[in-house]
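First chain written, first letter: the chains are A, B, C, D, E and F, and each begins at residue 1.
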Amino acid sequence: MNSSFFDRRTPTLDTCQPGVRHIQELIRHSTPVRLQLISGTELEGTLRWQDLQYLALCSGQDLPLTLINRDAIALIRALV
Amino acid sequence: MNSSFFDRRTPTLDTCQPGVRHIQELIRHSTPVRLQLISGTELEGTLRWQDLQYLALCSGQDLPLTLINRDAIALIRALV
Amino acid sequence: MNSSFFDRRTPTLDTCQPGVRHIQELIRHSTPVRLQLISGTELEGTLRWQDLQYLALCSGQDLPLTLINRDAIALIRALV
Amino acid sequence: MNSSFFDRRTPTLDTCQPGVRHIQELIRHSTPVRLQLISGTELEGTLRWQDLQYLALCSGQDLPLTLINRDAIALIRALV
Amino acid sequence: MNSSFFDRRTPTLDTCQPGVRHIQELIRHSTPVRLQLISGTELEGTLRWQDLQYLALCSGQDLPLTLINRDAIALIRALV
Amino acid sequence: MNSSFFDRRTPTLDTCQPGVRHIQELIRHSTPVRLQLISGTELEGTLRWQDLQYLALCSGQDLPLTLINRDAIALIRALV
């Protein structure tokens, strides 16, 4: 990652992008997801919000949100 | 990756780029592909769409799409 | 990381971004956090400040601050 | 890798850059090359084209081209 | 790392950024530091200068400076 | 690496940057250097030229040049 701060001058995500819309749907429906980071680390939970630099993942009730650097994410998939 | 959000101000891919066109052909023909991530992870399936930040991979009928961060991709090749 | 210097022409973080606000709250409340780097390294402590390129982590009283390259961070989570 | 999409607004490579010219010569002469990715993976073949985001590598007659993300490439050298 | 060349159009570091100032203090006081790269490699020495793309590290008297790509740095901390 | 193509709109390196000048001196004096990539790979030789995206390394007489992606470089040091 990496141009995040520059990007912050554009305050909203471009929801015309299919990827942004796809993630927005995962958030809206609280779809359980698995993410794989570029390090190989895997995470599961439900996404709560996205911004220009982070996705916020909830891994369990009463657990604090995990901020995930978008540039560190390799894969995002809904769990079936 | 990494400049994805900045890039979102340009809402369409530049289809004059040979790489974008090559991927578009893989999508159009539902060509089976293998992708290697920078982590070494390999994935197979057919590509469904591309946007500025992600490729969407279908790894099997009835499976949800996997979003793949373009910046995490090292190699894309059609399976023969 | 990576566009940090370009970004430095924008002297302030965009505190409208939920991620920036979330980190600002962790700083304000001295919430103990765990960070995972893209290398897999994990760090614990409390965040003292953030700027466009770095987070400053305090890992213990009387210890000097550690500057953490934001682009090297994969995950940020409060410890429960 | 990473600013590729922004860059796509500049539709041509800057062939004044020695690196771009060097690669162009490797393409023109079908020079066998070895590439090392940042993951350590090595690839051999001949380069067919370059664009702003990818190099296209031919690893053998009748084999489909491999798109290689330029940002994932560490080293490019001609084989002697 | 990665937008370094673009950044070179801005010839000076933004010394209003706390991170830049923090590093500048480490340089001014010849504070012994330890750096961890994103690969996990650790380096010790004193910092001599910083520019938009590199930190220059002195690891011992009479040794030539090591240029360290800022984008390859994960952590910077003073040694206690 | 990564903003290389955008950067190509600026056809020359900013030789006011100490890092660019330092590398230029290594080139001018054919100083033997060791480079460490972010993957940990080490290379030795003499640098022949630099552009916005690559360093060209000569590892031996009669050997073709190796192009090294600047964004893949962690460390550059002269050999003593």
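For the reader, a short list of remarks on this structure follows.
Please note the rule applied: a contact is a pair of C-beta atoms (placed from the backbone, for glycine too) under 8 Å apart; a residue touches a chain by one contact, two chains touch by 3 or more.
The shown structure was predicted, so the numbers you read here are calculated from the model rather than taken from an experiment.
At the interface between chain B and chain D, under half of the residue numbers involved are used by both copies, so each side presents largely different positions.
Of all chains, the one whose Cα centroid sits at the greatest distance from that of chain A is F. Rounded to whole angstrom, the centroid-to-centroid distance between chain B and chain E, based on C-alpha atoms, equals 36 Å.
For the pair chain C and chain F, the distance between mean C-alpha positions equals 31 Å. With centres set at the average Cα position, the gap from chain A to chain B is 18 Å. Multi-chain contact residues of chain C (touching two or more other chains): 1-4, 6, 38-39, 52-53, 71.
On the chain E side of its complex with chain C, the touching residues are 1-4, 6-7, 10, 13-14, 16-20, 22-23, 36, 38-40, 52-53, 70-71, 73-78, 80. Chain D meets chain B in the complex at residues 1-6, 8-9, 11, 37-39, 41, 43, 49, 51-54, 56, 62-69, 71-72.
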